[in-house]
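Look for subunit A in each of the two complexes below; its partner is subunit B in the first and subunit C in the second.
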Partner chain A sequence: MKKWLYRDLPSWLLIVPSLLFFVVFHWQPIVSGFVLSFFETKGYNAVRFNGLQNYIDVISNSVFQQTLVNTFMYVIWSLIIGFLVPIVVAIMINEMANLQAFFKFSVYFPGMVPGVAAALLWTFMFDPGPGGLLNMLLAKLGLPMSQWLQNSHLTIPLIIVTMTWRSFGGTVILYLASLQGVNHELYEAAAIDGAGIRKRVRHITIPQISPIIGILLILQIIGVFQVLYEPLTMTEGGPNNSSMSLMLTSYHYAFRYFEAGRSLAVGVITFLILAVLTAVYFRIDKRANAD
Partner chain B sequence: MRNGKLLALIAALALAVTACSSGGNNGEAGGSQEPSATASGSAPPASESSAPPSSSETKEFVFNNGDWPKPQDKRLAQFEQWKAKFESENPGVTMKTENFSYDTNTFLPKAESGQLPNLFGTWFTEPQKIINAGYAADITEYMAKYGFEQALNPAMLDLVKKDGKIYGIPSNGYYMGIWYNVNLFKQAGLLDEKGIPKYPRTYEELAETAKIIKDKTGKAGFFFPTKNNQGGWEFMSIAWSYGAEFEKLENGKWKAVFNSPEAVEALQYLKDLKWKYDVLTDNVLVEVNDMFRMFGTDQVAMAFGGTDWMNTPINDYKMSKDNLSVSAVPAGPKGRVALSGGNLFMFSANSTPEQIDAGFKWLKIKGVSPDVNPESLKGLEETLASDQKLNRIVGPHGMQAWVNKERVDAENAIREKYKNVDLALWDDYMKNEGVTIRPEEPVNAQELYKTLDAVVQAVLTDKNADPKALLDKAAADFQRDYLDKAKG
Partner chain C sequence: MRSRDSAGIIGKLDYKRPGVKALYAVLFAVLVLISLVCLLPPLWLLSSSVKDIKEFFAIPPTLIPHTFEFGKLADTWRELDFTRLYLNTLLLTAGTVVFSILFNGLLGYFLAVLKPSGSRIVFVLVLWTMLLPNTLGMVPIFKNIIDFPVLGINLTNSFLPMWMMAGSNAFYVLIFKGFFEGIPPALIDAAKIDGCTRLAIFFRIVVPLSVPVIMAITIFTVNAAWADFFWPYMVLKDNNMWTVIVAIFNMKTTASLDVQFIALAYAIIPPAILFLFFQKYIMQGFTFSGIRG
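Presenting the complex of A and B:
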């Protein structure tokens, strides 16, 4: 044991900086946040251990249930609206003979717009009066105007549309990279066997990129589950809490009411839900691969 | 390989634990700091005899002043003069300036990391929160020493007290009135022969006036915010004047009582503004900053407002100072009630006695003090003179902080000298006749506003919303979430 440690000492020394980095900037905040969530806090100082009281307060809050449901609604809508789009677009761009670079740039372009600016931009488009951009369009087409974000049934799907618009480009690039790794001989062989485009996509493309589809699915769920600044800037959780998300609740606890303990309790709850979801996914994935 | 992983994990855990235990120590240190802070708070009476002569002359220290304008602010030259004066009068004290504008989003991190300036400004909804979180210094001793305590408006002083100790210096106060955009009133033909808007005297009249504006100019008649807790906050003034109450102390327990028929009626009124009169802005998910923009650019004709905001649309949207007229709040079925608020100064908890003392001296130079000698009024006079030069509104005033008669008279004389707007546009507001002024609700006011925000949003976005059902639920929720946990 000792001999082994001695032999490896130089390599240990080499990883010390990155280990320190992880401990100080990644793990320490997570651990101390976890610890603080069990304390009554004054600012960020732990005043008194109060067990699960923060969790009880947070969960028993009358808006919490709706917030939890909303957060899942964000995820579900993001899967409905945003999950297939990048796959389809990536395959389309991959099949193009010309202008690939132009389309790659075009789909990625919205991702370069700063997030809050994009949210404000969409708020202008969604303005519910006759002066709103989308309402002007509807009026030109002779359709009735919409209340957009003020219609509580539409709030979450519309926020998801803006999020998809902004972020699907990055996902497309990842899919494209993976698509370009698919062996061309497979396509040629399939073409010789008389497979059309649909069959080629179904039997070659999708299976070949399925690992990355799985990973991006998990990343998307994790990302959308923590949705914060879109509702913060566009609706502030309204109307009537219909777009309130867990992270926005956490934000309000911390910065509006100065209750760090409760804010962190919400954070830990979010973390636990995501951990469970991820574990479930890997279990399913493993079983599917084993079959 | 496996061993290596394990070892790395153990090493990491050990580090994490030490890091976290040091975090715990910090917490304890914070806890133990408290008693020492109170100890120093109780110490001064003893040091009072010894400290002042030595501290003011010999000790050198830095005073971090958060009461400072932005670099592009035109009042900067004025502040520089005061700074020079302060430093010549207080050798040994170095003043470090910082534009600290209070923001609920950044206050906590700043306070927590010890980045608060010694002296900082905030507004009336905040002090209890800040005091409870332990970020403000106890300044009771200095309030007496400088004679501030006796001269301050007692209603305002109450806001900065806790357990008999004083933690802040209210500098000015306001009560809600109604703002009128003179341009839009002119276009709608709603000015009287003297050019003063015809003020609605009841909330019903306000709705009708707003309707006329909307019909004649196509612009929104009335602005009502619904976000960032402002919806609940402004709803108070309306609901009170309909006879509604929000929190009631019964047998030592707080009860949420805002599902009364009166509150329902007030909410129905708000709902009618949208669905019956249709006089609100198209987008109702708005907040006060949207109001400044819309009001300043003639997009909305009326809004709740007071004196503390009067220069914002002028500064930010180049509105003419003569475009604003203000009246007292209209009457509801149970009279006129206006919410009050204002600004104050506080000291960060880690300030030394010398730094606090320096802060009081700075405020005296600026004219934030009850004194009436020309020296102390010079600050106020210079402020108004520079405001006048910058075409900001000078003349009207809100609630006055200093209530000793000499001070009130002296202030009025100075205002008269520099006034640059037609005070007829402001008379009604300043007289504020028949209006009851109320402070904010005592328990979890911000959470109450948030709860009411949701209710207001519901009636303004859903034509079929039921005000009674919404308020029943909101009151029950607020009771369970907050009042049941409040100490009586």
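Presenting the complex of A and C:
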């Protein structure tokens, strides 16, 4: 005991503030959030235990099914628009003998624009009237004007375009770092064996960077699944709930309708879906590595 | 940077073939186009900010301004009190950096160097904090902010919640831990023999040896704090406490469009300048710590 007092206690004292912050902002919230999702709430306090009632209320809400589908649509569109682009652009930039530094600068630059500012900037560009920048470009090309975000079929893809615009440059930089690490002798050997450029990309480049592709893929899915600020800033979930996401629903329950318990039920559901997605990914990844 | 003939997939020999030359030209053109898509929206915003009101609302909109009205820039600055908004953002950022480095650093030091009995549990908890998605946080964290546990104080309209969140960043803790594990134990033992306290070892030995990692985290934190939206928006309700980002979000419904453009330009210019000067460090820092971002 005395030994512990002299040897270990001072070390523990050093991290008291750090631990306090972790408890207040991470550990206690996740536990109490889970518990509170089974309670009827008033304000942000538990009133009485009501079992799965919050979950039933949330799931039986007429918009919930659409919200769930939307959230998956965000992920699917982000894979269509945002997954391949950074890989292709990184490979292209890596080939450039001229202006390589400029290209890196340009693609990373949108990442410096704060997320909310980027969302607002694109909202202005998507202005559905004739004064909108993109409608002007369409008019110049002789095409009809578009309703952009007001067209409920386009809302989610356009929000994904905005998110991709801002974040793909960072991903490009990560892929570039990985590409620079590819042993160049492999390309030379392949070239001597007569492998064309397409074959070299397929059989050397892609396999060499595939570990980081896998990591970034799962991080992208997890990140986009929790999409909140962009629809909050750009559409508030509209038009007609066509861009409502799970986290935005959770936000609305908590701070618009003051239904903390329901908000947390949505949070738990989102959490569980993400856990399943992650587990599936690791299962596939493991199997792929075993082959 | 490596020389041309070892840069990528296309080797020197390939360039003798005309098809490959054409391919290179096409790739180059595509990249120029992509660069335009990346740079034009912010440039359009900046150019629109200096147009006079008539040109601003002209249909169709102009890409390159014909009119310049700089008085409007000053008016918007004064009206929205950007001096205060910038100062608030600066204060928020400064505290965020200090908390990030100090408290995550100390925890990393605790896990990597001090390693008292029981520290393993802390490590596992921190690791899980990083791995678990944070979809349950909104309500309980807000509740803890408006009614701080045990103390019972309300931290609305204070920067402390954001600072404390920065001081508990699991990812930074693990980065610090990894870096500190590389410090030769002999250095720390020598300091111990000389009678240094644990805290003195941290500030005199560990921190000076960790300048690269501290730099990377600082740059990353500055950038993130400047752009931070959600918790500042939730916590800073008094407009005397608003940061730039909170202000531009809140005036979305109140200010006229041309004022919003100028305010948005003011929000984008500082990080853009930062990027122009520290481009290399920012991108390095991103490869270092950005996978989570």
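Here, the second predicted complex is superposed on the first by the 266 of 291 C-alpha atoms of A that agree within 3 Å, B and C clash if a C-alpha of one lies under 4 Å from a C-alpha of the other, contacts with A are read in each partner's own complex, and residues count from 1 in each chain.
Assume contacts are C-beta pairs under 8 Å (C-beta built on N, C-alpha and C of every residue); 3 or more make two chains touch, one makes a residue touch a chain.
A quick note: this is a predicted structure, and the numbers were derived from the prediction, not measured.
S.K.: Of subunit B and subunit C, which one touches more of subunit A's residues?
M.R.: The partner with more contacted residues on subunit A is C.
S.K.: For A:G194, select first, second, both or neither according to whether it touches subunit B, subunit C, the two together, or no partner.
M.R.: neither
S.K.: A:M247 in the overlay: touching subunit B, subunit C, both, or neither? Say first, second, both or neither.
M.R.: After superposing on A, A:M247 lies in contact with subunit C but is clear of subunit B.
S.K.: Classify the contacts of A:T235 with the two partner chains as first (subunit B alone), second (subunit C alone), both, or neither.
M.R.: In the superposition, A:T235 touches subunit B alone.
S.K.: Examine A:R256 and indicate which partner it touches, taking first as subunit B and second as subunit C; both and neither are also allowed.
M.R.: first
S.K.: Contact-wise, after the overlay, does A:V63 reach subunit B, subunit C, both or neither (first, second, both, neither)?
M.R.: So A:V63 only meets subunit B here.
S.K.: So, does A:G142 touch the first partner subunit B, the second partner subunit C, both, or neither?
M.R.: Neither subunit B nor subunit C is touched by A:G142.
S.K.: Both subunit B and subunit C touch subunit A; at which residues?
M.R.: Comparing the two interfaces on subunit A, one with subunit B and one with subunit C, the shared residues are 4, 8, 15, 19, 22, 24, 27-28, 32, 44-45, 130-132, 254-255, 260.
S.K.: Tell me, which parts of subunit A touch subunit C in their complex?
M.R.: 4, 7-8, 10-12, 14-15, 17-19, 21-22, 24-30, 32-34, 36-37, 44-45, 89, 91-100, 102-117, 120-122, 124-125, 130-133, 136, 139-140, 165, 169-170, 173-174, 177, 179-180, 184, 187-188, 191, 197, 200-201, 204-205, 215-216, 219, 222, 226, 228-229, 233, 246-247, 250-251, 254-255, 260, 263-264, 267-268, 270-271, 274-275
S.K.: Under the touch definition given earlier, write down the residues of subunit A that touch subunit B in their complex.
M.R.: 1, 4-5, 8, 15, 19-20, 22-24, 27-28, 31-32, 35, 39, 42-47, 57, 60-63, 127-132, 147, 149-152, 234-236, 238-241, 252, 254-258, 260
S.K.: Write out the stretch or stretches of subunit B touching subunit A in their complex.
M.R.: Interface residues on the subunit B side: 3-4, 7-8, 11-12, 15-16, 19-20, 23-24, 26-27, 30-31, 104-105, 107-108, 111-112, 129, 132-135, 226-229, 281-285, 287, 446-447, 450, 453-455, 457-458, 460-462, 473, 476-477, 480-481, 485.
S.K.: List the residues on subunit C that touch subunit A in their complex, please.
M.R.: Per the touch definition, subunit C meets subunit A at residues 1-2, 4, 6-11, 13-14, 20, 23-24, 27-28, 30-31, 34-35, 37-39, 41-42, 44-45, 57-61, 103-104, 106-107, 109-110, 114, 116-119, 122, 125-126, 129, 132-144, 146, 148-149, 161, 164-165, 167-168, 170, 173, 197-199, 202, 223, 226-227, 229-230, 234, 245, 248-249, 252, 257, 260-261, 264, 267-268, 271-272, 274-275, 279, 282-283, 286-287, 290-293.
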